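Several structures are given next for inspection.
Here chain A shows up in two complexes: once beside chain B, once beside chain C.
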Partner chain A sequence: MLVWSRSGRLLVWALVVPLMLVIYGLPMGVIVVASFARQWNGVLPSGFTLAHYAASLEGDSLASLTTSLATGFIASAVALISGTWAALALREVPRQRARLFDVLFFVPSAVPSVSVGLGLLVAFSHPPFLLNGTRWIVLAAHFVLISAFTYGNVRAGLTRVPLACEEVASSLGASPFYRLRRVTLPLLAPYLISAFSLSFALSMGELGATIMVYPPSWVTLPVHIFALSDRGAVFDAATLTTLLGLATVIVLTALSRLASRAAVR
Partner chain B sequence: MPTVADIAAFCTLPRRPAQPPRGLWLIAPSLVLAVLFFYPLALILRAAFGEEGAPASLAAFREVLGSVLFLDGLEHTVVIAALSTLGCLVLGFTLSMAIAFVPFAGVKFAGRLIDAIISLPTFLVTLAFTFVYGSAGLLNAGLMREFGFALPPVDFLYSQWGVILAEITVYTPFVMRPLLAAFSTIETAQIEVASSLGARPWRIVGHIILPAALPALLAGGSLCLLLTVNEFGIVLFIGAKDVITLPLLIYGKAIQEFDYTSAAVIAVVNVALSLALYAVYRGVLGRFGGARAGLV
Partner chain C sequence: MSQAQTLERVADGSPGGSRLAAAAGASRIHFEGISVTYGETTVLEGLTLTVNPGEIVALIGPSGSGKTTALRAVAGFVRPSAGRISIGARDVTDIAPHERNIGMVVQNYALFPHMTVAENVAFGLRARHIASRVVAERVPACLDMVGMRAYAQRYPRQLSGGQQQRVAIARAIAVKPQVLLLDEPLSALDTQIRRAMVDEIARLHRDLPELTVLYVTHDQTEALTLADHIGIMRDGRLQAFDRTRPLYQSPPTRFAAEFLGRANLLAVSKFLPIAYGRARVSIAGMSLEARNPHSLPPERRALLCIRPHHLRLAAASPAANRLLAAVESVQWQGEVLNLSLGIGDDRLLMTCPPGGSPPTIGSRIEVFCDPADVSLVPEDADRR
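And then the complex of A and B:
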């Protein structure tokens, strides 16, 4: 404790709490209020309505919501398999080479998302790899962008899994596959779940690569929100942003409950 | 008598029973990444040196790198990233200090809030800013009504300051995470002894807290720099005509003008800048070890 007197501490918090409220509370609050606003020309909205929510749950808006959820789940699931696979395989490799691959698996997180999108456009616009114009190019972009984060999370989890458990299993005659299925993966479960939720959240909010590659038939929520706000439909944009945040938080909370239950077991 | 050939054959015999070489399992995930990431990246590099089929030339590089548009974009990217990172470090350090060393009832809630902000899309804050600080936003509406201004008096949002403020808001949590982890390792006894010996708070900060927090500040700062150089959503949503950064320039060239060669040249510069910053970030982590800033 750095500030001893009670009045000093109150003074610090009298400065910090309003600061945090203005910086973080205000933007989030404003988005939620705007999603209910009829018109907003003064300090406060002139009236409240549920019309924006009604509009969000039909047509293009509903389609983009389900598109984003589907993209998030599929891309995260594939990234989870590939990231776990990579992290497990990397343990068998000599240290020097492991370090090289470690950097390679992390590099996609350092490359700007717009460039990832541009690369996919350049690479997959011609046969035999014609992905451009299909939903698969969006899924590929999301997979590339989140793969490093799933890999990193699983790898960090692996360093905390006690090696002795696996060695005991092996010495008792467990086959490698049995050991993986009954020992390693259950021990790793909490980290797998948190890796999945992180990549799901990233995918739900991804804009840079998606806007480069999306076909008209697979418009994700952030792209749709940008189109709305670009043509001045700011209240509808705010409503969908609220729904996007809500969907993300619900999925994350549910998964973190699951993770803590997996950890206790 | 064994011939040389026999000896050679003996020497190359496998010493151990046949076993699949280690690292065979690594092929599958590496192949996926190679096809979906490294191959497209290589094609961007190829496209930057001219059309397919034509001999490689530096013409596109010369033309784009000399253009005012590109130089403006590069300048904006660097200035916005540097100022945003500085802002994140100052704000992150202040907030983390308060949370860690002047504890109060809502500390846990503040920590949850930080995690929530990290997981939300970056354009949320920008959209919110247009409602708060925009020309028809609540701040301007209030000021115009109270003080009778003819024009909106607060007019920074559609400039690089709007982008910088939004980026500071979004990326400060990335500095706070490693900082809070670093602060939790400081012995409180050390601070108590120092202050019982009469050290003033600023001296404790300078001699105990700052040295302990330096690795976290460097790691968080270099991660911030990387993320702000690559930021796209915030700049796109602010949509100011004269605030164009490299990612936005790539989007404009490729999607709006169909000029893939220029887009590829700018992408090569942008990727090189990002990889250099990533190398700095990895270097800082390798040198000081310890807490990753959460994501990368």
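And then the complex of A and C:
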């Protein structure tokens, strides 16, 4: 709906801006301010310091940041490969059977993440699939939770790839693998990148399942933030939250620029 | 050296080129009883048809008639439920599309948007592992053939529709295919560019006379201009197939007469075969002489097919073979005058040059048609 009068537009701005600031700005702003706070007993902090940032770039905090980044990249990459493979394979399957697989793929995203964590814990705590206590169970949990979104994104992207391009490539003598490498995947690239971005963002923020399954040797940043906040180290938790957000935004911005360049072609 | 000779020389200059050129001789397409069904629906039924080497065969028909399915079956994108397809001496029914050695051009061009024009044209050659030296020679030669060499480094999005289709054609012929499949290649272009492209395709075929072309279109003008033979499809079946001129001049069915060019089809009350393949025909109490190309016996129900441009105002025409008609409407369209005439219960469309004073609406006029231009069509021959 368009607002044509100047006074109407001013009124809309006057309502929307404070609302946005309260809903989105305030929580983020408070966390950023807290990450620099030396003490905070009144309305505003009584002093500022960079000590929390210095502390966060060493020891357990740094380890959990790198653990989260590694988990995000590995789980997203595996989810991207398997999700793309599944989406490509299901194009060849009759529509009704493909819909059944669609439902199966989306089940993990419809189940609470804590339930997924519990399920993995129960399933992989006994031989022959003994993953409990290893980093692999965390990676598996992240994979299960994000693969539905990766698959969904790639499947949506595939509907935008012109079938005629692929058929013409085949008619020109391109083998299925050559066609995939030179035509399908390049045309799908923007969707692959956005699928990876979404998966990465989800993985970076995942807590529910991770907290059920993580071993002491593979503590992700959200788990570490939760532990710090549980111990009352709110300023350290705020600092790591800021860094978590920053790291995610940097990676997503880079990926988004890549996706834009791929889409322009 | 002509562009075609250049292309031939380039083809012969490499191991891959020799292989492709050797294969080009055997380029007959043969459909043998091809049927295609999807569940309960039959979209193509028992198609038997041969496209001889070096010919252009057009398949025309309304939407859903099965013409595109037939082409896609040759390309390998549709698996026949019955019948065999061969290209040259090779049965390709169970061969993957990329091993069929075909070139294909589709309605929406389907250029690869992430590749330049040159990369698009080189695609098929690279996919077939042709030597880089040969690719470097053949790509410009093919772009020359379609007048697009100056655009080699552009991306498809930087080209007009007509230019994109030229590139698509260059890409298809670059691999020296045994057969070229054109699936409504000009449908997305506007009328003027379409006319120019029809000329381009005709010229291209003159330059590459060995190329066998299966051309699917719903545009009769494209088919009449380009094709050596035309097949008319309807409801998944081949209704008629013949050389272009005989098919136009002596349509074997009512549908063929109406779909290929405009036709007046008048109910014949009776006719009597006479000498030289002709018949004396009675229409609304008037008598005409017409061709009887299908040797219809007098007991057969028949229609008289008269093309609108074959009717002439009778003033300056021979006294015989005239029809008396009432003028119902007169439309001046610049280069042509359209008259709608009433003869008994039938309507007759007539086109003529707009010179002189046109007949007035409501007047009765005599129109003449040459017996050689009008033919009898069996009324009940259409298979539905």
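Following the convention adopted for this analysis, the second predicted complex is superposed on the first by the 261 of 265 C-alpha atoms of A that agree within 3 Å, B and C clash if a C-alpha of one lies under 4 Å from a C-alpha of the other, contacts with A are read in each partner's own complex, and residues count from 1 in each chain.
Following the convention adopted for this analysis, a residue touches a chain if its C-beta (ideal position, glycine included) is under 8 Å from a C-beta of that chain, and two chains touch if they have at least 3 such contacts.
In this text the structure is predicted, and so the values were computed from the model without any measurement.
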For this session: Check chain A with both chain B and chain C modelled on it and let me know: fit or clash.
Result: fit
Exercise. Just chain B (first), just chain C (second), both, or neither: which does A:S147 touch?
Worked result: first
For this session: Check whether A:S175 is in contact with chain B, with chain C, with both or with neither, and answer first, second, both or neither.
Result: second
For this session: Report for A:S82: first if it touches chain B alone, second if chain C alone, otherwise both or neither.
Result: first
Exercise. Between chain B (first) and chain C (second), which, if any, makes contact with A:V12: first, second, both or neither?
Worked result: first
Exercise. After superposition on the shared chain, which partner residues are touched by A:F48: those of chain B (first), chain C (second), both, or neither?
Worked result: neither
Exercise. After the fit on chain A, how big is the angle at chain A between chain B and chain C, using C-alpha centres and going to the nearest 10 degrees?
Worked result: 90
Problem set entry | Residues of chain A touched, compared between chain B and chain C (which is higher) | B
For this session: Figure out whether A:A164 sits in contact with chain B (first) or chain C (second), or with both, or with neither.
Result: second
Problem set entry | Minimal inter-chain CA distance - chain C and chain B, angstrom | 6
For this session: Using the superposition on A, tell me which residues of chain A are in contact with chain B and, in the other complex, with chain C.
Result: none
Exercise. Residues of chain C touching chain A in their complex?
Worked result: 75-77, 96-104, 106, 108, 110-114, 123-124, 127-128, 155, 168, 171-172, 175, 181
Exercise. Can you list the chain B residues touching chain A in their complex?
Worked result: 22-23, 25-26, 28-30, 32-33, 36-37, 39-41, 43-44, 47, 91, 94-95, 97-98, 101-104, 110, 113, 116-117, 119-125, 127-132, 136, 138, 141-142, 145, 169, 172, 188, 191-192, 195, 201, 204-205, 226, 229-230, 232-233, 236-237, 239, 246-248, 250-251, 254-255, 260, 263-264, 267, 270-271, 274-275, 277-278, 281-282, 292, 295-296
Exercise. Across the complex, what residues on chain A touch chain B?
Worked result: 1-4, 9, 12-13, 16, 19-20, 23-24, 26-28, 30-31, 34, 40-44, 82-83, 85-86, 88-90, 92-94, 97, 101, 103-116, 118-124, 140, 143-144, 147-149, 152, 156, 198, 201-202, 204-208, 211-212, 222, 225-226, 229-230, 234, 237-238, 241, 244-245, 248-249, 252
For this session: Would you mind writing out the residues of chain A in touch with chain C in their complex?
Result: 162, 164-165, 167-176, 178-179, 182-183, 186-187, 265
